[in-house]
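Structures given as structure tokens follow.
Heads up, the next two complexes both have subunit A, just with different partners, subunit B and then subunit C.
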Partner chain A sequence: MLRNWGFWLIVSQFSLVFCNQKGSFKERLDFTPLPKNNLLASFNFEIKSDTVNWYDTSSTYSHYTVFPKSLGPILEDTKTRELHLRFSQGWWDSELWGSLPQNGSQSGGTGVEVWAVIEADNKTEAEGEWIHLVNSLSGLFCASLNFIDNVITTNPVYSLQPTSNFINELPTEGDLFLFRSALPREPVCTENLTPFLDLLPSKGKNGLSSLLNGHKVYDSQWNSMSIDVETNCDDELNCHYDLKQNIHMIVNTKRVLSKLRDPLPVPTPGNELRCDRTKKHDAYYCFPLVDSTDIKIDMREIFGNIINGENTVTTEKSRVCAHTVPEVWKVLAKVNDYDSVFAYSEVQEPCYEISGTDTLNIELKTDRSDITLPLKEPPLVVSRSLTGYSQDSGGLRIDFRNPSDSEEVNFVYYQSTPWYMKTYLHTLKMTLTNNTSGESFVIPITDRSIVSYLPEFYYEPMIDRVRPSHLELKLVLPPNFSMRLAYKFDKLMLKYAEYPPDANHGFEIEPAIVTVVDKFNKVIYEARTTPALLTLPTPDFSMPYNVIILTSTVMALAFGGIFNLIVKRVVTEEQAEYYYQQNSPKLRLRRLIARISAKFQKKKAD
Partner chain B sequence: MSLLETLHRKLEKHGIIAQCIRYLPVISFLFAFIGAGWIFFLPVQGQYRDTYISENALMPSQAYNFYRESEWNFVRGYRSEIEKLANASHEERTEKLAEWLSQTGFKTTVQEGSDDHLSNLYGILHAPRGDDTEAMLLVAPWFTSSGEFNVGGVSLGIALARFLQRLSVWAKNIIVVFPEDQSSLRYWVKGYHESFDHTGGSIEGAIVVEFPSSLDYLKYVEVDYVGVNGQLPNLDLINSVVMIARHEGFDTTLHGMPINVSRGYIYRLKTLWRSIFHLATAGLRRARQNSAEAFSGWNIQAITIRGMEFCNEGSDITSFGRIVEATFRSINNLLEKWHQSFFFYLMLSPVHFVSIATYLPAAVLMAVSFFLASLSIIFNNDDISFKNIDIALPKVSFLFASVLVSESVIGISLTYASDCELILLLTFITGAGLTIILPTAKLPQIVLTANERSILQALSLFVVAVSLLMVTVVHFSLALLSGIAMIPLTFVRLQKEHAKHSPVVNNASLIASSPFTTMLILGLLSDGWTSKGLIWSPLGVFQGLVSSFDALNCWTWAFVVICWFTTWSCTLLAANAKVLPTEREKTE
Partner chain C sequence: MKILYILLGILCCVAASSNTDDDQKSTHTNNWAVLVSSSRFWFNYRHMANVLSFYRTVKRLGIPDSQIILMMSDDVACNPRNAFPGSVFNNKDRALDLYGDNIEVDYRGYEVTVENFIRLLTDRWGPDHPRSKRLLTDENSNIFIYLTGHGGEDFLKFQDAEEISSYDIADAFQQMAEKKRYNEIFFMIDTCQANTMYSKFYSPNILAVGSSRLDESSYSHHSDTELGVAVIDRFTYYNLEFLEQIEKDSNKTMADLFETYTFEDIHSHAGIRTDLYNRNLSKVLLTDFFGNVQKVEVGNLEDDLLYLAMTNEDGSPKQFSAQLSQHRQTNVSSDRKPRPLNKDSSKENYINLESTEPPLVRKLLIALLLVSTLGFTYTLK
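So, the complex of A and B:
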């Protein structure tokens, strides 16, 4: 019996040790050709940390294997349980490129966006930790995240809800707070990519990350870089961080190739013109044809690099996959520059596994680049624009379109606008239009019938210089309908020091977030609108100088008058005239002459 | 201070102030004369300045332009197809062009037409990696401002669109619009800011290209920039375009000035007067609407470049296109806003301008002249005793207010009837007829005391002065020209002291200063008001005034009704009312 007990003890101890999981690292690259010679490249890196235990302060032992050491302590210090960072550039063309990769869960709006779940005893403490967190991240990612403060931070209620499972698994000691902020002005560039690569165990030296070159990534039509940290638990004792890093980019292959051929957009040589033969064409006339559908492009052209061998820390083989129509697209893998076709028409989703220290180059080739996999249509199309005619007030208009003929869309519209946009929510009007018949009707927010389209909403009005206005609308859009929301706002005056430095073109309003949910309130699609540019009445900043001069002049004049009053004797006009008569220069001269002549006469008399 | 004191005492002693008051009418006229003469002084060397680029980031013509060589083949290719469309319907043309435009990679949309407007085709090129908040606009109307088929312009528009999407330098979106004409363009701009689903952010700059010829070469470029309500595009935009055009080997002109003349004082003076005239009448020319007017009010810097004198040698259409390319690159460079101080100016030539501080005194002097005339009526008048002013004022104010209200009502109701030519014609004939008949007629229904009559006249002149002063800063040209036209109002003398003053002078002054007289003169002396004959031209002016109020949000009509016609009517009332004898006269 005892022996048996002993055995079980050992087993249970072993299992405890094994439960203390080791971290892991996986990577994957996907190519998806899109219409009009575009190509979507998606990098996916997944890192799992060792087991972490924040509540047990007695254990001083902490070890980061593949999980980035630069990030871990920041998360632990600020008690951040979940962190999401987005760096994006460009306008997503849903007409041409379909729905966003990964249903938009990994793409941000233009600029930088960050949201985090922080554990703290109360809100004030949580706010402190949030500021601490963004300041630390600012240094880490070379972004102006340190400019985030309460004035531009909100606490989303329906959108961006935490996805980590530890909330359910683990009884937390403190409360959880969700913070979110965005910097739409932030220019995303290569210096944000370098820290991104530094988080990876391969550091951009080998594996898939060796393809990531700032010049090429940021020369794409659209790109989005995301970093997501979640805390997931298997049970109460075994929690770990899941770090997902993604880069999605759209490359226009024709543009890349023509840029490689000639970096300048020189005119096409006469003999290479593609003219429409059915129309007038000769040495002088040419009616242009659309771009040819012949494409042959490889990684060296797209990324400027090829894959520099396998990454040795990965727990699975790194994979490169192509999602094409196999009948017309040929995908070749060139190992050490030797061709080896790895996909013809046989496989729908050809994948290639990297092994060893061999270099790998992938080539995509077709003569019918217009044939691509059918596009996945986004469940909701959204656009937002500023309206209005004058300098002191304006309006915001948001258009939603439900492309589906049969299914209604439930979604949440989240928008945070700065305090100097004084929102008048009572002016909100909803216009619903039937996409086919064009019939439309307007429901103002004051009307009770709006409830069937706007069942719930959350609104926190702005406070000058303290917090932004925060609007979240739960909306329902019937099939084949378009919805337009429009409301008015006033532009508030800023203090002169609150204007951004001279080189600005206005105030960027951060992108709004649209989250489409299904019946079970599960997020099925996420999208961002473009930012908007708000022009506030801006004074001529040479004015303070003019004011100083004017004030000084007035003060000098007043001083002169008062000084005169103080030091001069006040006399009646007659007295003054008499005095002037007595002391006029003529008289004085005459008196002087008289005196001199009197002297002379005296001498003579002597 | 003591200097002022001394001066004041000297003035008192010699009775100069009394002298001044006596000569106020003369001084008033002198002010008006100097005000108008000021404009003749501006083109003198030393008074104006050479244009310069204020915003360094624009860097016009600093980059090499690539719109050349084989791109010309595309222009010709498109043109040979567009020539075939010259007689096609608007829908057919739009459909064809929409197909070509979407092939170039632009997001193509057709703005649906309405009862009054045709549909407009436009395409947006979202700048790669751009933040999608700002846009530049290229407009190629199917018909130019003078009504010609803009075959070269539209070909260039579509060919340029195809070319511009090849460049990868854009930080701002590019939008191309192909409206039918200028009023369609206004409809488009309005829609862009109110109702479009597809927009490309705030429009930073707009270029309208007009090239109504199938020929390949042109002699020079005319630049049009005038907006309604005294709004002008930022001077930096004009300077950039003029500078780029010069680099491309083009001579530029403004306001239809000829090209091969010596550009001396007379040339500058002519351009200046034309620019003042065009500014003051902006939006009123129905038959020759300027495309830049369509953008007024939305804070969009807009400019029209027009190819002139098409021929078979010299600079070609791609050089003309390079002006657009290079200007877009300049606007694209703009990281901040257009410079504040560059919105108020008058042009003397494409490369010379006067700034607001230099020209503003002209209109201010004009307004002061009316103010002095008003003072003169109060001071040089035995009819007015200061004790009686407060007794007379309520009645006079009521009279003035009722004239103002009734005329405003007529004015506003006319804007609703701006499409009905018959109503306008009748109103115009009535107005013009009354202008001639009324000054000579007597109005026994209106009974005023001499005191009230003088105050009514003084009040009218005072209102003119104040309105002119208010308008001066925002719309200098309108203030100056209407001031000049209203000067005869100050020659009307009704008081007993001026018994020798001939009534003929009074009547002539009233006829001359009527807004209808000005409309007649404008209509007969310049063109572009209507597409019908010269005889209809004065009616065209009237129609332009009335219709632009709604169509272009142009408030010249409101100014004419409220400031000009009301004060003129009140002066007329004062002149022709039946006057009760004063107490003194009774006793005598």
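So, the complex of A and C:
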């Protein structure tokens, strides 16, 4: 009887939680074939938590349905209201692949990047919570996030602003602080994917996550893994966490397929060479053609796995969508290896809903892989490079190009550079160039007229070993124009123990963030530059040992000389000769004998 | 009188000897592994492979990821020079990928320092240090510690930038002993002049092995020409060759493993230090260190057995004689689904039925002792 009661008690408790708001889980996979046999695969997982209430301390009971238990307490403990993590590797080629997926909102720069909104009473408390947060995350995500401290942390002013609606809806008890930091040197590998999958209720065992495999994800041309937690509230101020997990990756299908045949790149055998027939070709000459456009993309080959049945905890059916040109591309779904053509309900977006526990394989087939959906051009193109070659100073140059002929671009350029790059903002020069005519003019920052292109900016200079340089520029780029920003910096010296073990490799400067906004200041596109590799004057690390050896030698020499001076006397040869004769063994012996015989004679006399 | 004394003496001896046989059984309740690769750079691929081979072995033998501290000084799996991204192999046949699909690296890259290693052993951390990166052992923990890298007489290099000396490790172990942080430690090191690294230990219950003695180098086993680097060290290779045959329930002992160490295989003289270790090596199971304690006591045993006995496989109640089913029906709700005895089916769980009472022989001995002392006191009167 008692046990039945207990059972009902648990049920009633469950329903109590559920009547507020129930968590949910959704997943979706998108395939977009891109030119030159590339394929963009985008995994999207959305988890909504049950209602949370941080301020009500009376209800200590918290329940996790699909929201990860490993993440929840960390967020609550550090009063983190919004959290964003990015793990990326590779370089996005916008000329070949167009604009970033999801307008760049889910892609990070090379390495690991993290930013969070923390609620606290004052900044010192918030900083403490931030350090606590990144340390906890380092344990969770197998990344060296514990290296994040105030020295590399900034508080962005215009960029990366919070997106949770909670900030407007709910009057908070404390103030909100935004922190951001990045580790551009951090490798991203399978050990980061493992915790990513562990956050999902399906744990990578079934549903779409069963396709994710470290060997294939990290063999891609470019990949970006993102984890975003937002706090959103409804009209009745019932708040919940929204967790979005995404993996975007670019796979070169020809390369992956050839790797299946031979894991190491080998020259194409003679009989498989496709030569240009219009040119001379024989056993010795061949002008190879581009890759063949006849291709069959099979999930088992691309991901090493097939979808292991439906995800049983999703609130709506998992979907796999292929964004292709239906006239040339054929998309097949193979349930338990039975072929069935996708239902092309809409021309633009044929999707397949996964149901049942059967395995599912998706196949994309075409003989014209060069025909893909038109690429979306990014609203702004940016590149950044280091200039100068000396050991003690250098420069930074950032190039922007507005590809549009008609619309001007408003954007924010965010950059955080480490303290050992001592930036001189007064050297900042802006060069504007007309893309068609090639005419250009230079505006130094000291000139008033720069305001029409640089209406606002925020700059916090670095302090040695305390904080980085934090620069945010609000820029306006007229249509069909390019802009170049260039400024100078000094390289500061590090202390002997501050150098990493591989200091000769150089120091990675974290990627800068470009946020394109529309007239209403709404973010429409986000992109990161590549990291820069800064070489600092590196000491010879064997120097202390050399110094020890050299000093010891000098000491030994000095000691020898001084010691000789103290205990020895400098004499002429004659004197030495004389002394020798006086002290020669023969004489000594004779003297000794004389002394002894004298004693005996004395005794006799007695 | 005298006969009684002799009898007593014999009895005591018998009692003591029966005790020592019990002493040879390990008393630990949990297992931990600390696996450290201390050298940086791609050409030290083999050190990463060494460590990952042991990671795979201890995981296979049942130590969970939460009880393995893996320190990897460089990223070779996703290194741009690796032709097989996300994979690390310890053999040129490339049959076994050590990086697998499910790996957790606790300390990586620049985090692998002498300071962090000592802090890990002694568990002295700042307040923000996450639990998953701590060695949360107690006096019942058996710890397997494996180090590999480049070393010399009494030192091991970390990251090509700093060194740990044999004195540092010895003192850290002593601190652990004083803080009751272990039951037994099995220390294994594969580096040049490795045996010097354990020569300074002075704390109890430490069993140590090394790959080569003073003035001897340790060698790599073979290279993968397509990867362009050596993939494993000899000492580790032959240890693994033996350990690959071990299963979770194996009865192979340390002595069996140490017997396989030959100069012909390893090309150096492997050293074994047992003077700090009390147990007889031929009684020490390999799974005492490489495996995990598998015994799980299930609390509501009767309850569940009853439930299983009362229900069919589909969860519906079984039909018994009218009287019995009437009596039980109230307790078994029909909507309950049958569940296994323990949620985690990956572990081999069995019910610990060992009784806490002493065995019959010991009971008899105690009775005899009592009787003889009574007789002794009586004769004294």
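One rule holds for everything that comes next: the second predicted complex is superposed on the first by the 520 of 606 C-alpha atoms of A that agree within 3 Å, B and C clash if a C-alpha of one lies under 4 Å from a C-alpha of the other, contacts with A are read in each partner's own complex, and residues count from 1 in each chain.
As a convention for this text, a contact is a pair of C-beta atoms (placed from the backbone, for glycine too) under 8 Å apart; a residue touches a chain by one contact, two chains touch by 3 or more.
Every value quoted in this text rests on a predicted model; they were computed, and no experiment measured them.
Participant: Figure out whether A:N38 sits in contact with subunit B (first) or subunit C (second), or with both, or with neither.
Facilitator: A:N38: touches no partner chain.
Participant: For A:Q89, using the defined touch cut-off, is the partner it touches subunit B, subunit C, both, or neither? Pick first, second, both or neither.
Facilitator: both
Participant: Name the contact category of A:L264: first (subunit B only), second (subunit C only), both, or neither.
Facilitator: So A:L264 meets both subunit B and subunit C here.
Participant: Considering only touches as defined above, state whether A:W222 meets subunit B (first), subunit C (second), both or neither.
Facilitator: The answer is first: A:W222 touches subunit B but not subunit C.
Participant: Between subunit C and subunit B, which one touches more residues of subunit A when both complexes sit on the common chain A?
Facilitator: Greater contact footprint in residues on subunit A: B.
Participant: Report for A:T433: first if it touches subunit B alone, second if subunit C alone, otherwise both or neither.
Facilitator: neither
Participant: Please work out whether A:T194 is in contact with subunit B alone, subunit C alone, both, or neither, and reply first, second, both or neither.
Facilitator: In the superposed model, A:T194 contacts subunit C only, not subunit B.
Participant: For A:S209 in the superposed arrangement: first (subunit B), second (subunit C), both or neither?
Facilitator: neither
Participant: Can you give me the overlap between the subunit B contact set and the subunit C contact set on subunit A?
Facilitator: 89, 218-219, 264-265, 502
Participant: Please output the residues of subunit C touching subunit A within their complex, sorted ascending.
Facilitator: 40-41, 75, 77-79, 83-87, 97, 99-106, 108-111, 128-133, 159-161, 226, 330-331, 333
Participant: In their complex, what parts of subunit B are in touch with subunit A?
Facilitator: Those in contact with subunit A are residues 1-2, 9, 64, 66-74, 76-78, 80-81, 103, 105, 107, 126-134, 162, 166-168, 193-194, 196-199, 201-202, 204, 297-299, 334-337, 340-341.
Participant: What residues on subunit A touch subunit B, complex-wise?
Facilitator: Listed in rising order, the residues of subunit A that touch subunit B are 36, 89-91, 93, 95, 110-111, 184, 218-223, 252, 255, 258-259, 264-270, 273, 275-276, 279-281, 284-288, 290, 383, 385-389, 391, 399, 401, 502-506, 508, 530-533, 535, 538, 540, 560-561, 564, 573.
Participant: How about subunit A: which of its residues touch subunit C in the complex?
Facilitator: Interface residues on subunit A, with respect to subunit C: 1, 3-4, 7, 89, 131-132, 135-136, 138-140, 142-144, 146-147, 185-191, 194-195, 204, 213-219, 263-265, 500-502, 541.
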